[in-house]
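Each in structure tokens, the structures are laid out below.
You will see two complexes here that share chain A, one where it goes with chain B and one where it goes with chain C.
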Partner chain A sequence: MMSIADSTQFLCFLALSAAVLFGALGVVLLPNIVYSAFLLGGVFLAVSGLYLLLNASFVAAAQMMIYVGAVNVLILFAIMLVNKKETLAVIPGLALRRILSGAVCAGLLGLLLRVDFTTPWALPGPPSIGDGATIRIGEHLFSDYLLPFELASVLLLMAMIGAIVLARRDVFTSDVITGEEADQGLIEKTRTPLLIKKNLQIQPLLEKTP
Partner chain B sequence: MSLSPVLAFTLPATVPLQGFLAVAAVLFCTGVWGLINSRNAVRVLMSIELMLNAVNINLMAFSSYLDGQLIRGQVFTIFVITVAAAEAAVGLAILLSLYRNRETVDMERFNLLRW
Partner chain C sequence: MVIASAFPPGSPLVHPLAALPGLWAPGSLAVVSPGLDLESSFSTLLQGLGLTPAVAHLVWLPLPMLLVLVAAVVGVLVTVWLERKISAAVQQRIGPEYAGALGVLQPLADGLKLLFKEDIIPARADGLLFTLGPILVVVPVILSWLVVPFGQDLLISNVGVGIFLWIALSSIQPIGLLMSGYASNNKYSLLGGLRAAAQSISYEIPLALAVLAVVMMSNSLSTVDIVNQQTGAGILSWNIWRQPVGFLIFWICALAECERLPFDLPEAEEELVAGYQTEYAGMKFALFYLGSYINLVLSALLVSVLYLGGWGFPVPVEWLAGALGQSVDAPVVQVITGSLGIVMTVLKAYLLVFFAILLRWTVPRVRIDQLLNLGWKFLLPIALVNLLVTAALKLAFPGVFGG
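Presenting the complex of A and B:
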């Protein structure tokens, strides 16, 4: 006779899967993007719970710190910075496009599920290493995956510098002629969007400020 | 405390590998649909994160079930998480730059290189 303790793992899997799938649907479908961002944090947390079910405590902790702590917060900051009420222009055939892409995605899902349930996986594999996973990951990172590990650090440095350069505002802090301090809010308002103008010459930014 | 025989028969003690793969497949397809159909650029980035998480679940499931001793899938997942963090930072910086230049986050209006 099975007790409920024997199937706790399976019940946890069902709950976490439901959280992941409904959260993902909410991320994609909810009209308010702030709710989407918070649901995305919930999806990340549920995925880290799935990693815990797979005996991978280190990766679960990394997922929680990097995805929930860094990526999700970054997305929330981006939403706060670009959150402007705008009425979207009506695109002809949008509903048809959604239905067609939904059909394509459903077909892809059917294909993936068919591969999933018909492939004879080589089960059972070798026994799981369990709690020694963290030690084994450390051994991998400093022996046979040393070069990708170092390249990842270079990549992170490049991404950090690139993000700073891309997101920086290129405005002068003082008037180039009179030398007085410029009003930053006024610059933002009077500045014309660069890509809309036909001639891409650099305009003197402070021309219109008094 | 024991459950009724019917319920006890239907609930397995361990999770099969196929369960994790099915969850990952559904998550990936949701991400693809959102990537195609979102009109807000931030939501497109969120959909990419969903797809990356689906791939990570796949890697972790195979690593645990088929490669239990040398967990190479977990190392791969660490690298994917690293690259995803870098991607999110650069993607959001590009988005902010775009928003400053075009005053919108509507994907349908980012068509400068289209034709």
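Presenting the complex of A and C:
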């Protein structure tokens, strides 16, 4: 008979795996993009739950913070702030495209399954270090994984600068790629002052009041 | 409760001090009293009645969780009453008067009113997301109470990632806000939800950096270790003297995360009706209300843990016990120190809640551009400088800033 802790872990594992599987299928298959985005957040949460079950609490918390708190929120932002109504053109041969992409995904799944079954996994794996993981991750990030870590941060910096350049459209007079004149309608206009000028409207009002 | 059940069998939820050998290392600065271990005494009691240790552990498991849940809700009731009374005092009114003595039953009446109101889902709203939104806002806040310590062993779980868990959980909240804003199918709600999410993610960064400076000094993410690092010389060893800038940054960001005035833009009633709460009524609205007040109390508790010495008394209890000729390990002294710890934590937290309420009723709301400028152009650089200065001071004076 399983102990209470073991059976709880097993039930949690089943529930989380089901959440990951059906959530991921929902992300791909649902027609409503907002539902897909919210379900993606659920999938990320379930994955962080799986990390917790593996006693990797730091990775679980980092997963929650970065994927749910940052990535998914940004996706939702992008969906909700873009309210451009576009009539979608009818794509020719949609059914064939769907079948083809489904076949590609199935092939990828087959490949992963093959890797899974042919690799001689060491079972049971090394014992988890639990709360010591934070220190271990820090040591690795500053020794043998320093270069990938720094490269990733340079990549993020480049992405950030690129985003700022794209968002500040007012500095361009011509298109960067084609060299044509930039659409002046996109350039930010000088803002009309929000406050009313003092001596124009307010002064007469003040004089009338006893 | 996934987190609680994720621990391997036999690991007690409330760790005995034996799990922290570092504190007992010879030459360690602070003399920490072993404190009360309620779980082991409860377990012995049940085993005396003929139960196995596993069953006794299972019976024990929900008790601290329920206790903390009740404490959180009672804390909200007290805060609502304080809010009404203090706002009345600020505006020279009397405030609630007839519901119980000094109107203490007023928040209970508020809660009952919300409970009996009709639960409306607007016809054109998205029913599923509309219901899920408030739940996603409240659950992470309540889960965060997992790491709030009221004493050496008086917390639900001394998880190693401690304060980081709180930061991670609080980043789920914006999803719930976006969800309810979108599902209401109302432009004010959507704008409020977007504002709430934008505000929440921009203030999370300086908040995390301020916490990081404290974590750097105590060499641990665990809330218990952070408090233990502040014991030794009573009020003088509290982090607020070593992290005055961090304290201010953390408090401002915590207020912004709680959407308290002066940062309550997501529900700015003059501009957005009530933001993402516009379409909500009854218990769903009550969940938002409860969530925001639980979050306020939680933030105040965490400020007291991170900067004001947690359960520490301004004068070290060891000195007091020594002056009175008592041993710190005596059972009576332990009960008194334990109760004193709870009282001190709650007292510090409610002092901060008082300041938050006073702020709410005295300062005007900031504009959205001012809010984002303050977060990104002022608090973020200051928090970074604070972190670097803390690191430099830690290298220069390892004795004072935690070596």
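We take it that the second predicted complex is superposed on the first by the 158 of 210 C-alpha atoms of A that agree within 3 Å, B and C clash if a C-alpha of one lies under 4 Å from a C-alpha of the other, contacts with A are read in each partner's own complex, and residues count from 1 in each chain.
Simple rule for what comes next: a contact is a pair of C-beta atoms (placed from the backbone, for glycine too) under 8 Å apart; a residue touches a chain by one contact, two chains touch by 3 or more.
Everything quoted here is computed from the prediction, not taken from an experiment.
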| item | value |
| --- | --- |
| Partners on chain A (chain B, chain C) - clash or fit | fit |
| More chain A residues in contact - chain B or chain C | B |
| Contacts of A:Leu52 with chain B and chain C, given as first, second, both or neither | second |
| Contacts of A:Ala163 with chain B and chain C, given as first, second, both or neither | first |
| Chain B versus chain C as contact partner of A:Ala19, first or second or both or neither | neither |
| Chain B versus chain C as contact partner of A:Leu109, first or second or both or neither | first |
| Partner chain(s) touched by A:Met80 [first = chain B, second = chain C, both, neither] | second |
| Partner chain in contact with A:Val71 - chain B first, chain C second, else both or neither | first |
| Partner chain(s) touched by A:Gln9 [first = chain B, second = chain C, both, neither] | both |
| First, second, both or neither for A:Ala62, with chain B first and chain C second | both |
| Least Cα gap, in Å, left between chain B and chain C after the two complexes are fitted on chain A | 9 |
| Common interface positions of chain A, toward chain B and toward chain C | 3-4, 6, 9, 53, 55, 58, 62, 70, 77, 81, 133 |
| Partner chain A, residues of chain B touching it in the complex | 1-3, 5, 8-9, 11-15, 17-23, 25-34, 36-43, 45-47, 49-50, 53, 56-57, 60-61, 63-72, 74-75, 77-79, 81-90, 92-97, 99-106, 108-109, 112 |
| Touch list for chain A against partner chain C, complex | 3-6, 8-9, 12, 34, 38, 41, 45, 49, 52-53, 55, 57-58, 61-62, 64-65, 68-70, 72-73, 76-77, 80-81, 130-134 |
| Complex contact set, residues of chain A against chain B | 1-4, 6-7, 9-11, 13, 17, 20-21, 24-25, 27-28, 33, 36-37, 40, 43-44, 47, 50-51, 53-56, 58-59, 62-63, 66-67, 70-71, 74-75, 77-79, 81-82, 84, 86, 88-89, 91, 97-98, 101-102, 105-106, 108-109, 112-113, 116-117, 121-129, 133, 136-137, 140-141, 145, 148, 152, 155-156, 158-160, 162-164, 166-167, 169, 193-196 |
| Of all residues in chain C, those that touch chain A in their complex | 2-3, 5-10, 54, 58, 129, 159-161, 164-165, 167-169, 171-172, 174-175, 178-179, 182, 190, 193-194, 197-198, 201, 204, 221-222 |
